[in-house]
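Next come two complexes, and both contain subunit A; in the first it sits with subunit B, in the second with subunit C.
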Partner chain A sequence: MLKNEIEEKVKQFPTYLKSWVKTFLGGLTLFCIISLIALPFLSQNQNFTHVFLRQFTLAMIFSIFAASWDLLTGISGQISFGHAIFFGIAGYICAYLISYQNFPPWIAIFIGAIGAVFFGLIIGIPCLRLRGPYLALGTLAFSLVLLKLFLMGSLSDVLFGSEGISDYRIQISDNPVVEYIIILMFMIVSFITIIQVSKSKFGTILKSIRDDEVSADASGINTTRFKVYAFMLSALFAGIAGACYATYVGAVNPTGNFGATISFYAILMASLGGLTTIRGSALGAFFFIFLEYSLIVAGAEIYVNLIFALILIVVVRFSEHGILKPILERIKDLWDLLLGR
Partner chain B sequence: MLEMKKIYHYYGKARALEEINLKIEEKALDVVIGPNGAGKSTLLRVISGLEEPDRGKIEFLGERIDGLKPHKITKKGISHCPERRRLFYDMTVEDNLKMGAYVQKNRSIYNKQLEFIFELFPRLKERRKQRAGTLSGGEQQMLAIARSLLSNPKLLLMDEPSLGLAPKVKKKIFEAIEQIKNEGTTTLLVEQDAVLAMEVGETIHLLEEGKIEMRGTSEELKREPRIKKVYLGI
Partner chain C sequence: MIEDIMNMLFNGILNGAVLALISLGYSLVYGVGGIMNMAHGAYFMLTGYLLLWGMRIFPGMLFLTVIFVIIIITIIGGLTYILLIKPLQDTHVGVVLITFGLAFLIEQWILIVSGTTSASINDYVLFPGTTEFLGYSMFNQYIFFIIASLVIVSLFALFISKSKLGKSIRAVSQDREAAVLMGINANRVLLYTVMISAFLAAIAASLYLPGAALTGPGMGWTYLTSSFAVIILGGMGSLVGSVVGGYIMGFVTSFTSIFLPNGPSWAHVVPLIVILIVLIIRPRGLFGKKKLR
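Take a look at the complex of A and B:
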């Protein structure tokens, strides 16, 4: 029966795709994807590929990371302030495998992500007794413990100490265009998966746990099990992002990969774009990275967090659900106006 | 069908339930009435597993169910429609109903039940795509009842379905409860509005300070002078 269902879905897919593109959101998404694919071929300028394109790559990595946070917090309602755990652990595993075990980056990224899933399981189980703000504090504490462990000099033989791992081979490719395309593929696949998951029955179950855990339990849903699943799934994508980040930088170190600021980046980006929207995370991430970039160009990079925090406060004050929805509405109005509706 | 034997439950040191003995027959509509803080909601929470009783035994269809996790009890066929509705407010009406039918894997039973519910509450059919949080109080209560019915329960526990509703809407809800009963679902109803409760209920249990003080058919209880004075106001 399941096989038939899948076959039917595959058969209907082209018509589904056609109707999806015709909708406003579908068309816009496709437009964004195509322009992202076309971007690296616009110019062969050294400055363009080595600086500008790299910013895009970074923004895409953080998009995946912010979306994974949104899946855990926005969709399933489990507030995490320690998402850097998954980000960092995957990065470390990935860097270790490439640098010490001579794994190819492709496989190392996947193994890193699976390591993050494993950590999602380990951390998910004890944390599930905690609710709301206490869960946030619990995950934050976990990430700080890991940060300190990795910083500890006496453990530097095992966990590489504060120096971390640095190796030119960790880079996924010397060519920024190839790197860009690989990360873009990761981003597209991750976003399609996360959005489809949040739309599926599994996603509805997670949303019901977010809205009212007691009712979900009374409806016969094993809430504990689904919360662990949510942790693991979110950790998978956070792990992909973390491993990609390690290959992007070409090195890992405790503060850069485990720091509390990394966790907060995910929160800031996702809430700027809009909680539960998933796509909003990408908008927030691109906004943050390019704000940072323009401030670096202007020579005022120390004010990045200050300025971004101020922007976030203003946004949250006026629009509870971030900037994605209002922006989409404006574009749609403009679109309708252009079409003369 | 359901049998509670000497159930005791405490919140810390405060006693909520004391020596509760309760027997519900198949296809019956039992009502528990009583003042605020008598332990009515606790009684239902203990049955559906949201609270674990400190002492005593609960049997459902000959099986012990006390100490089981709530989702396991739901799978055995007890559905709890909680107090203050507790809907999934950010989800659509349709998704709320789908989650109510989580344990119901049989498609045809689900469709039949859905049909019955839309017959019972035509409003819900109109508002299928709407967010549950945007419904009116009465509609939310209807949705809460519908959601707990969709698991096709053998025993339905309802906690104050009339809470905060206008008299007219209350009437509608109680008509629906009677219809559900006529369809053959065993129901245990907890209610503060004694007048309405006595109209629909077959067996009435009076719960005061955690103890069942009186029990009987509504005719019997209506004759009791104390009930008349305190609960019916005649």
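Take a look at the complex of A and C:
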């Protein structure tokens, strides 16, 4: 029965793909993916590959991270202010395995992500007694405490102290182009999975919990179980992003991987793009990374977070749906005009 | 040993007084409007830095500066409500996000102005000198602070139960719609509530922080999470709970930092452990009547 269904879906897939590409959103997504794939082959210039392309890689890592936050907060309505927990834990596990146990980066990234899922389970269970804003503070408290544990001098033998781990081997590849392609694959797979999950029956259940938990409970949904699932799924993608980030930087340290700033970045990127629009977090991440890059180039590095906090306040205050939806509507109008519809 | 015990008791009362004042305001705002103000810790931290800068600009006018700083923080609290919270009241996520953004903005602003290094505002104590009691010397400033905090808490209880504004605050917290129908301007009551909470945080900071240290702009988050732990312990929205919880938390923290090995660093973890235990054993807290919202 199930096998037939799957076979049917596989058979229908090419026609589905064709019709999807013809729609506005599908065409735009495909255009973005193709241009991202083509990008590294545009130039062999050292400056281009080692500086500019690396910024794209960073933006892609953070878009996975922001999308995972959006899955938890936008889709299932569980506000998390401590997403850096999963990000940092996965990064630490990955760095430890590569540097001390000589694991290949591939396996280390996956084990790191699984470690983050485990943390999602541990943190999800006590935190799910909290609702709404209290969950936000609970997760924030968790991440601050983890940060303090990792910074603690007396535990530095076990948790590496404030220095963290740094090793030249913690990287996916020497070649930035190869690194870029691998991270791009990670990003595409993560986004497809998250978007499909949010469209599936599971995603509908999560949305019903977000909109009205009592009614969801009354209609026979085990809300606690699904909230834990949402936590774990979100932690998986945040963990992938965190492990990739550790390999990208080549080192991990408490403030860089656990700091409240990291959680803040996820919140900022996702709400900049617009909550519940998973694609928006990619837009937010790219916007964010390149604004940061240009500020650093302009020598105003110290003002980066100040400006981003201002942007967050303005966006949340004046535009409930972020910047993705308005931009998409404008482009769609232009598109229709060009096609003469 | 006796010195250790005295140290623990005194520090416990001191921490308790600070936490009680902070979480009283925090709990009040949540109880009345269902508003989670993430910028509450930032008010506390900002007070310390404003005091530092204010004393550099106007040396020698300590009392005036302290009063001035407290007024500024109260106004900032009011502005937070009018400009940021009020337009977004219907969405919980929006309020949390925007006040979080505000707290981050304040933190980064101070980081730019004064850097990460911790500053000492020891010279700005209102009551210099120490008093000996059973061979244990205590700061006069802290003795004054503990007494002042007790007085403020009792005045606050009187204000809530007797005054007209206090009664309308209670009315809004019990049933907002009915209160509005009775002719209470709920938005104005909420505005006053947020201002009161900022005022309490500012008083706690301006009396406690001289003598302690300004450990960098990130310290606002620490106080935010501790007061969060306190109101979880005391019960959401319960004012008695937040005072009692504050003192319990203060004693537990000072006990940990003095009697356990590596105590001072473990003391940071205490709030989390308290949150966990309370959530598992008694989710509504010591004095909480309502279920979690």
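The criterion applied here is as follows: the second predicted complex is superposed on the first by the 341 of 341 C-alpha atoms of A that agree within 3 Å, B and C clash if a C-alpha of one lies under 4 Å from a C-alpha of the other, contacts with A are read in each partner's own complex, and residues count from 1 in each chain.
In the analysis below, contacts are C-beta pairs under 8 Å (C-beta built on N, C-alpha and C of every residue); 3 or more make two chains touch, one makes a residue touch a chain.
Predicted model, so just to flag it, every value in this text is computed and none were measured.
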Item to check | subunit A as common anchor, with subunit B and subunit C clashing or fitting | outcome: fit
Item to check | subunit B versus subunit C as contact partner of A:Ile313, first or second or both or neither | outcome: second
Checklist entry - Once the shared chain is lined up, is A:Ser208 touching subunit B (first), subunit C (second), both, or neither of them? => result first
Item to check | Superposition-derived angle with apex at the Cα centre of subunit A and sides reaching subunit B and subunit C, degrees in steps of 10 | outcome: 70
Checklist entry - Does subunit B (first) or subunit C (second) touch A:Ile221, or do both, or does neither? => result first
Item to check | Touch count on subunit A, higher of subunit B and subunit C | outcome: C
Item to check | subunit B versus subunit C as contact partner of A:Ser19, first or second or both or neither | outcome: neither
Next on the checklist: Just to confirm the geometry: in the superposition, how small does the C-alpha gap between subunit B and subunit C get, in angstrom?
Outcome noted: 6
Checklist entry - Along subunit A, where are the residues that touch subunit C in the complex? => result 73, 77, 79, 81, 126, 129-134, 136-138, 140-142, 144-145, 148-149, 152-154, 260, 264, 267, 271, 275, 302-303, 305-306, 309-310, 312-313, 316-317, 320
Checklist outcome for this item: subunit B contacts subunit A in the complex at 48, 50, 69-71, 74-75, 79-80, 82, 86-91, 95-96, 98-100, 102-103, 147-148, 151
Checklist outcome for this item: subunit B partner, complex, touching residues on subunit A are 201, 204-205, 207-208, 210-212, 214-223, 276
Next on the checklist: Going by the contact rule set out above, which residues of subunit C touch subunit A in the complex?
Outcome noted: 36, 38, 84, 87-88, 91-98, 100-102, 104-105, 108-109, 111-112, 218, 221-222, 224-225, 228-229, 232, 236, 262, 265, 268-269, 271-272, 275-276, 279-280, 283, 292-293
